[in-house]
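You will see two complexes here that share chain A, one where it goes with chain B and one where it goes with chain C.
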Partner chain A sequence: MKCSGADCANEAGSLKCPVCLKHGIESAYCSQTCFKRNWALHKATHPSEDGETYDPFPKQAYTGEIRAVYPLAPRPEIKESIAKPDYADTGFPKSEVEEQRSHIRVLDADTIAKMRAVSALAREITDIGGRAVKPGVTTEEIDRIVHAACMERGCYPSPLNYYNFPRSCCTSVNEVICHGIPDKRPLEDGDIINLDITVYKDGVHSDMNHTYYVGDKARANPDAIRLIEGTRQALDAAIALVKPGALFRSFGDEIEKVAKKFGLSVVRSYTGHGIHELFHAAPNIPHYANNKAAGICKPGMCFTIEPMLNLGTYRDKSWPDNWTAVTADGKWSAQFEHTLLVTEDGCEVLTARNKRSPGGPLPVPKKLLA
Partner chain B sequence: MNDELDVPLLVDTSAASESDDESLPAVPITIVTGYLGSGKSTLLNYLTKENHGKKIAIILNEFGDSADIERSLTVSENNTEVQEWLELNNGCLCCTVKDAGVTAIETLMKRRGRFDYILLETTGIADPAPIANMFWLDKALSSSVELDSVVTVVDAVNIAKSLETGSTAQVQIACADIVVINKCDLVTPEQLQTAKEAVSSVNAACKILETSFGRIDPSDLLEVKAYSKIDFDSIKPVAAKHDKDISTITIALNIKDQKHYELIESQLQHLLWEREVAGNPVEIHRAKGRLSFGGKTKILQAVRETYELTDVPFEESDSKIVLIGRGFDKSSESIEALFAPECLKRKINHLGS
Partner chain C sequence: MINFIEWIQDNKGFFSDSLELRTSPLGGIGVFATEDIPEDTVLYRLPKEEILSPRTCGISNLLAEYDYLGMEGLVMAYLFEKSLGNQSPWGVFFSSLDSTRRPDVSTLWSDEDKMLLKNTDVDTIGGLDEGEISSLYQEALEFVSHCDDMIPPFSYQEYADALIIVSSRAFLVDEFHGLSLVPGACLFNHSDKEDVHFESDFDVCALCGGLFCDCRESKAMELEQEHVSNSNNDQESENESETGSENENSSVQSGADNVCEIRSVRYIQAGNEIMNTYGDEPNSVLVSRYGFVIWANQNESINVSQQVLQYCRANDLKLRFKWWKQNFGKLCEPEADSWQSVVEVNIHGEVTEPFQLLLTILAMPLKAFVLLSKGGRLKEPNDHTRREAILREILQARFMAFTDGGMSSEEYHRIANAATGHKKLALLYLGTSKLCLEKAIGAL
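Now for the complex of A and B:
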């Protein structure tokens, strides 16, 4: 079969358009580049999509029950008055790439004050998003609410266009480990969802995430309780170690200990990271035991710890969107994250909860523990 | 504008056979560095030709340059060469544990089958340490590749001269587990001796192989397991002449117990991470060591600030640390003092107070 590209004379291989596959339309392309070039023309051959949603990926992309529900909403607008990080227009975080990889910044008092203020906003915005979590609401709607809350507070939503990420926050449901893209899937009673929010204002980023139970069915699910509460406690246990002199490599040992107690596994592919003027910077903080992370905590350092724990295997896979990370066995995953500041005698949780924050802990029945 | 973002990924409808060969041992990878003209490429060609029946991949491009999106590699099998492209995800690099290049190699092997060996040829005047650290992955990550060693190819004619103070050649030798002195046919025995001494003055802990025309017995160079084995009993360190020179020092230790061992580890962390001793700057490029105490033996491996202490079967042997780095002319005594019993004792008192 010839390549369906209008300007192409090549033989088509086995590469086919996912939408056409779904609708049983015959078309094949020689390469993604050729397909992309012909997209405007090709798209018109698809059946009309008035409010109709579709699954953009083939079956083998999935490991569990969650499906991507496309089309994605158009890219949200940023208010003129809001200062943007360097990648906002280009998709490429130049300043991060140019930063020396092993250099861990120690922040001055002025930058620390900014980190504190922006972290309080990150908390407010996360709580607004968290309150919107209920059965029937799409993740796209939560993203819209988060984006609006950012605009009202003069914040740029850091994920937007970071390496071309298409939305303002990450929503990771059930077996999605992290970096889920908000789409048209409505939440169901019994789901769990992680909301990962990073905001940028006054030249600094603050990053946090939180996993919520969706509806009473989730709150009654022993596996969901074991997973969410175990992950919450793993982060708390790691944070309790943070003080001047603490080794970055030691947090993973602690997290793994708590995971074991709850019969959970620790995701290894994604790490905590330094955060300040840069969204992601040194140090890299693995969450698994026996890692070789270099360096010790010093007053004035800011970084995240963000363990992802799973009910089944620790192994992850990516969806073809190159973002969504899912568990390899389709079993559920939870995550919690705070931005932390090392102080003279311990640490300050810059994104800490307050009395009004939704998504507090549930009691864990003893019989759920290993 | 948004159309661009909406373009879905094409689906490969040929039988997708992604094999996760977790049970198979990891594929060894050797990093090969050396100046242009040292005969690096000749050596690589020779190795692939000598290994009939083995599927050897030579990765040609330099890693660590994130701006470089497309990177190619050459796979050589039964004397035929195939060019492959590495698929690099556009994902965020900082919050993932693996360099995009490592993931790309793993993905390629899943797609087209495993290699028996990978030779990674660095281009230009690269410092091999960051590349070594990229492939020196934590065991927990169960990667399908495993760092075997760093090999530096030098040219017998020019090496003594190019090892001048502050040169990249010194950095490349410092990180090497094996140094291949090539073009030995072009020098006198005296000149060869000078070349060997020049190499040893920087790195007294590496194995030196002499050759011409890149002819090396593959068994001398491949699968040496430099990161899991230690062989340094014949080291004869040479004192550094200049504060910018890289040299080797060894420190003998007498470890009494677990507590003593932990103090030594924390001194080591200071040395690797704070990059100063008693106010003098120190830069450790590579460290190896064997630490035995109370029926236990641990092996130390370090590349720059990254180190690992792993348990090995107990050996009744002296404990020793070998350091290859810069700044030893001024601070070799203070480094020794760092590990001396009096200093460790002071540290205990300090911690106790």
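Now for the complex of A and C:
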């Protein structure tokens, strides 16, 4: 049995978490120090005394109406046969941090073929998650469905244990900008939710995300429409620029232009990134205008563009879980993301929608535009 | 220029209110103090992500891919960004450069004007040779040919201009960025008695350029892990978690201090032009890289290697010279480029240690030299008369080599002040060389 410490690759010893034992669960650790070090993360999976869900954070942690609903589900198992990235057992993506930041990989034909295949799986899995989005479903349930879909396809869910992230995907509801941790909060009619899915197979990652309307109430909310459709169009406008010779810093100008048209602001703290054998690599792609991102597109490069646009301020804040990013004013935020391949004369959207994909665009009434 | 100061502020930089830009008596624009400035005052600051370097430019990945870095990489970065005009994040900086004069470097003088500095140190270090520029241009074309039309074409003249502008303004920022253009920092003119210094943390992560970053933590963690597996007890592990939290604290300030600064190193009076140093450079480097000369430059020296050779030949001392050539290296720290480069006298009339050794050897009785060359120990003579006489002869030969009818440095200075253009620079150059000789002869 492996040690339950998220940052530990050792075999477990005889030490077991007493709280878990009380609930009939075995969480074994290799040592007292390992147990102590992982306590904060582990504690989140403990049920409350009365067996009910609970809010782990003080009121001032929040900026809007969304609350964390704990306990989190225990870390999901990975099938033996599935190949794992280097951080799966330690939480630390060593190969990523050792990559020279100004080096942008140009992929060979073989790696490109793998990127294409894994991206098709990322699309399938996202669509499965997207179809599960409806009022009453918890984000934890969506995460469980996504995880199962990954296992069925022989994919490792890349977010799992990446810098100790506890779940298999990110679910970001309403004012949550990104990196929301799936928990026991049921979706409500009128919410919006972003599903951020990255999968790893055959040695490469593919990353995409999509924002969905939850129920008819959301589809009738003009602000939700302006936000989601504006963000969707911003990503599309940026993708239209991607070709050999395009500067990475130019995409932000285009995104900001669309954001302005929809009366939205652009988040600055999170960026698009190179993706291939590494989950996050060079180039770094900011989504705001007048940025100074270094580098130029060449055929064979793979990267994501993933703008996060807000109804209010662009400023973000983090929850005490050190993952969940929320808008500073609690107003809603949306995001769309694709993994792209630069081709000889433009780009290929590796994670493109297909006819059956849920979550298509809604028409935008003219009066919503600035 | 007002636009440019705004640009610095818009880019999270700082340009002190105690500074003013106006025409300098040295030519072009200079930075002046509008009020008294105490020592150790930060006058200018720019975060490193705003500088133009081979790492920050639009074609950073192409430069890295072909390992086309250093000065050549920076010139290419400049050419590429400049071709984008106002679309470049550094567009305002480029416009500000247009309003300052291009350095009038000696490599690009007319053949006639180059004759003024023929056979001087400027000539010796390649400062009259345009060939280096054209070979760099060929290398640049070679690089561009790999880049599938991503870099707009440029002429030889455009390349040469870029090379001169960039090499006269580049600062060595750190291990990651290397030579870089630091908009604003290059407004300060050079002096051998400077008021301010350029400062930047050189010791950054070579992978990402950060002062505190994951890459470094990764290395630290690796070391720790080795540590832990060596002695797997609780105490060690506790140390580990302590270090972990320390790293967390330092990553909070990450980036905050990764800046380039200009800081005063002495008290500066209101109204004075504020001078920086481009390094302890002699006039030969200044005129060939920056196109100016400093009268009585404190880093100046004059080479007398020709005269030393002539003296040895004329006095049948070639054996002694040869022995010295093989042995003087032990006295040089760091190692000298060539024997010629150590045979010189500086602006204070001083002679280098290896040159003194040569003089001692040339002056010693034959018997003493024979003993020395057979492995005996060098004995310093009590009487320096002979040695001084040899030095005087060499210096006087150098003095005569000027073929100027024996003009003094003072006379050079006087006619230089009345002259203009390249002629003025050449006269200041030659006069300062002569001043070195006069100081050395005077010290005998």
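Here are some notes:
Assume the second predicted complex is superposed on the first by the 319 of 370 C-alpha atoms of A that agree within 3 Å, B and C clash if a C-alpha of one lies under 4 Å from a C-alpha of the other, contacts with A are read in each partner's own complex, and residues count from 1 in each chain.
Here, contacts are C-beta pairs under 8 Å (C-beta built on N, C-alpha and C of every residue); 3 or more make two chains touch, one makes a residue touch a chain.
Note that this is a predicted model, so its numbers are computed, not measured.
Contacts of A:P18 after superposition on the shared chain: chain B is touched, whereas chain C is not. In the superposition on chain A, contact is made by A:S102 with both chain B and chain C. Once the two complexes are laid over each other on the shared chain, residue contacts for A:K184 go to neither chain B nor chain C.
More residues of chain A lie in contact with B than with the other chain of the pair chain B and chain C.
In the overlay built on the shared chain, the residue A:A281 is in contact with chain B alone; chain C does not reach it.
By the document's definition of touching, neither partner reaches A:K243: not chain B, not chain C.
In the superposed pair of complexes, A:T33 makes contact with chain C only, with no contact to chain B. In the superposition on chain A, A:H46 contacts neither chain B nor chain C. Applying the stated contact rule after C-alpha superposition, one finds that A:R219 touches neither chain B nor chain C.
In the superposed pair of complexes, A:K298 makes contact with chain C only, with no contact to chain B. Residues 31-32, 97, 101-102, 247, 290, 292, 294-296 of chain A contact both chain B in one complex and chain C in the other.
Chain B contributes residues 1-14, 16, 66-67, 89-98, 130, 136, 138-141, 269, 272-273, 304-308 to its touches with chain A in the complex. Across the complex, chain B is touched by residues 13-19, 21, 29, 31-32, 35-36, 39-40, 43, 56-58, 60, 70-72, 74-75, 96-97, 101-102, 162-164, 166, 179, 247, 268-273, 279-281, 284, 286, 288-292, 294-296, 318, 320-323 of chain A. Residues of chain C that touch chain A in their complex: 49-50, 55-62, 64-65, 89, 148-150, 207-209, 214-215, 217-218, 221, 234, 237-238, 241. Listed in rising order, the residues of chain A touching chain C in the complex are 31-33, 37, 92, 94, 97-104, 106, 244-245, 247, 249, 282-283, 290, 292, 294-296, 298.
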